[in-house]
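Okay, so chain A shows up in both of these, paired with chain B first and chain C after.
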Partner chain A sequence: MELKAVGTAGTLESSDVMITIEPTKSGGIDLSLESSVINQYGRQIKAQVLDSLKRLGVENAKVIVNDHGALDCTIKARVECAYYRGCQCDVDGTYPWGGVIR
Partner chain B sequence: MKNAVGREIPEELLNSGLRNGKGYEVYQGKGYRDGKYIKKQGPTTKIYQKPSESKILPSIREAVIKSGLKDGMTVSFHHHFRDGDYIVNMVMKEIVDLGIKDITIAASSLGSAHDPIADYIEQGIVTGIQTSGIRGRMGDVVSHGKLKTPAILRSHGGRVRAVEEGDVHIDVAFIGAPTCDEYGNARALGGKSDCGVLSYAVPDSEYADKVVVITDTLVPYPNFPASIHGINVDYVVKVDEIGNPKKIASAAARMTQNPRDLMMAENVAKIMTSTPWFKDGFSFQTGAGGPSLAVNRFLEPLMVERGIKMAWAIGGITGPICELQRKGLVGKIIDVQDFDVAAIEDIRTNPNHYEMTASEYANPANKGAFVNKLDFVVLAALEVDIDFNVNVITGSDGVLRGAPGGHPDTAEGAKCCIIVTPLTRGRMATICEKVVTVTTPGDCVDVVVTDYGLSVNPKRQDIIECLDKAGIKHVPIKELQEKAYSMVGKPDDLQWKDKVVAILEARDGTILDVVREIKPYEM
Partner chain C sequence: MSIPRPKPEKFRLRRTMMFMNAQKPGLIKDAYIYGADSIMLDLEDAVAENQKDSARFSLYHALKEIDYGDTEVIVRINGLDTPHWKEDIRVVVAGGADGIRIAKTESAQDVKTVDAAVTEAEKEFGVEVGRTLLMAAVESPKGVLNAYEICTASPRLFGVAISGGDYRKCMQVKVIPGGIEMLAARGHLLVAARAAGVQCFDTVFTNINDDEGFRAEVKQNVEMGFDGKSLVNPRQINIVHEMLAPTPKEIAEAEKIVRAYREHAAEGVGVFTIEGGKMIDIAFVPGAERVIKLAKASGIYEGDL
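Entry: the complex of A and B
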């Protein structure tokens, strides 16, 4: 599985988060984070996003997080979805259901 | 110095002279000043002995000049026009255009209609703000330390006390009025922009040195029964529009259909019926928020079932309580503010719907305000902590965006104060370990109702007994807070700078809490 294109998931509704993942060649994870609850939850949102990316094996990417108060489970799901869309799993239907997505 | 709600109040604030030169005390607990005395500080007013026909001046500018307003003075406004208010901005523009500076605005409340004032704060022209509500850009610039002196935030009752006691001296009061005659008798009905009552402007008319009434509808003398009496008014100005009627009164406070709100409202009603105060002749106030307002709907069948009636309802009045009265279930409505067209229409025509002054409503320093005889109050909150302290002023980002209003007054006065709020709002835990800012002290809060259960203040063993007897389940508030954190995570503490940007006064004039300048978030 490899990031081939820009993958986006989520909405700008309240209690949701929009995640955009853009493949890059090097430079690690370049994260930009905006959130309506940044003062109280910015640290946790960042940790959740980075943790999910690590689990998915993403080492280099430009990641834009636009959060409107999403819970951790939502953030995790949106990161996974954005990543697999970036891997074009939605084109060839190769979502790795069971196990990897959790 | 730590106060009775455990908040650290900086020593230097206590003798900073912010209380019109007098020293501050920190909050000592509920009812601290009961039985003590105050000396009311009357205004210096001009004698009008020679007969004259009219007090009308051609413009606001003329009125500002004639009032003798100078650098360093304090002007006041009321908030009955809510988001539709034009008066504050019109008057402040003239004051600024005349080059007058170092102005303190002492308003009963300010709102998002007053964004232009933020510019005057940034320009250093407005150097003091005393209000109940602070929102929008004004809240933002004050939270970022742009106001020269800390804003002083008071409850509606606390403001009247402060005015009477001379904690704030109003040099010139500018009172917008839907109708006025040429001698200054003003009413809230009969004009183009009716607001129902002028309760919050009454202390200003009685305690300001100079009083200017601004109206868009001149009516023949005498405009009686008057809310603001001409004997207290120096000048009258007619303008084209005092406000936007559509924003002054919302069409109708919409009854919530949200099942979560309805469930909480129903539980509030059940709690009320389990207490000894739910009997014929009880008294009641509820806020205009979704679940609070919905309580009216659930009370009705319970009152009918028991064959009891409410003797009186007070507060910010909305259509649903007027409707309850039309059904014969409420004796009198005593009104300090109107939130919707239905309430304004009702006070126009209903002989049992009366206007009261802000002092009669909630002043802790008079000889007994309505809130002192209140049985139940149902209120909302942004946050409640495990000590039952309530925050209704600062958001989760630490920025000022609310108003204590009558919350602390009714909470202290009522025999049973019920807070109704969802456990979480988005990712915000409403029930938390420590509220950002204490606006109503926990010793005044009795029951907290959420969508995940309810909790009673352990200080109120009498209410706990009532609920147990009625089989209404309740849990320690700590459990609610833990439940909330388990869903949204434990919030990080907000980051503050040292500078105090606002003082939260308890209704008795002691310091309940302070708000500091917010630090920009860094990861």
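Entry: the complex of A and C
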């Protein structure tokens, strides 16, 4: 499965994070992060986003992360959702829960 | 990271079952601190149609990573008339929730359909078959009339809940103080649930600023024999717990019955009298044990049973 279009998930509410993933041809992951807790958790948020992208097999993409204090479990959920939305495939009935989604 | 939840207990105490939008991270991360017996993470009405996918990802990671402690975790899945329910079941089972609330249940077949999909998902994700419990929300006159067959449709099913919003719409009635408009549905569902040996839960009370009205409804629920109530606001939890708590007199009587029964049973005596001349046999014991359990859960039991 491959990213075909821009995928976005999440909101700008407190405890949430909004993630936008735009497919690119090359250049690896270009990640930009804005966060209300960037000084305390900036590196951890980036690492969490990169980790999820790697699991999902995304190698090249422009990724915008706008965080308002999301927990790790929310960051993962939003990255995965943005990715699946960008893939534009009907995966109902076959989401890999516990596989690449974990 | 992820600690699997213990095997769910089919007939646990469920005085308060609180709805929470599975899509809202701010809500689900501390859902358990309010002290409800069960939380119901909602994939159905609280989640907009274009966020159904997103809510499942949130739900999966919340189930895997948040420690809900002793709070039971139920997930309300989308109706069988939607394209969402099958994937909802997969994520609930994969995430290891304790149970599923089936929305808009109208027949035994609805329960069996969900049961079969849950079994399939348990096999797919390596979960013990039979682990995931079910409850059925009855929201229509047809569901009320079919209550007994719904209550007996699956060994996974621990109870039924009447859901007032849709039911009132079908009956062309509005919310009436005193609940005359819901009387037949509540009564019928209770009789069916007791006949089937499962639990029965009342509908939500949505006017969160009307404490007096809420208390009156809970009082009626207790008098009618409901096990608990679906809730929409954490403020309502303590009110229900307080109103369901047994009185000191009830606790004292329950203790007498349980103690006397144990003593007499050891001697091989089945019927006996307790102080005050009340005749007791085994039929009184489950009720008395339930009183003690309620007293313990309410934090007011000081005895040693």
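Assume the second predicted complex is superposed on the first by the 93 of 102 C-alpha atoms of A that agree within 3 Å, B and C clash if a C-alpha of one lies under 4 Å from a C-alpha of the other, contacts with A are read in each partner's own complex, and residues count from 1 in each chain.
Methods note: a contact is a pair of C-beta atoms (placed from the backbone, for glycine too) under 8 Å apart; a residue touches a chain by one contact, two chains touch by 3 or more.
Not measured: the values here are computed from a predicted model.
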| item | value |
| --- | --- |
| Room on chain A for both chain B and chain C (clash or fit) | fit |
| Which partner, chain B or chain C, touches more chain A residues | C |
| Which of chain B and chain C A:C81 touches, first, second, both or neither | second |
| Contacts of A:K46 with chain B and chain C, given as first, second, both or neither | first |
| First, second, both or neither for A:A70, with chain B first and chain C second | both |
| First, second, both or neither for A:G98, with chain B first and chain C second | second |
| Chain B versus chain C as contact partner of A:I38, first or second or both or neither | first |
| Chain B versus chain C as contact partner of A:S14, first or second or both or neither | both |
| Least Cα gap, in Å, left between chain B and chain C after the two complexes are fitted on chain A | 5 |
| Common interface positions of chain A, toward chain B and toward chain C | 14-15, 70-72 |
| Chain A contact footprint on chain B (complex, rising order) | 396-398, 426-428, 487-489, 491-492, 494-495, 518, 521, 523 |
| Chain B partner contacts - residues on chain A that touch it in the complex | 14-15, 33, 36-44, 46, 68-72 |
| Chain C contact footprint on chain A (complex, rising order) | 9-10, 13-16, 70-74, 76-78, 80-81, 84-85, 92-93, 95, 97-98, 101-102 |
| List of chain C residues in touch with chain A within their complex | 24-26, 29, 53-54, 56-58, 60-62, 64-66, 83-84, 86-87, 90-91, 94-95, 125 |
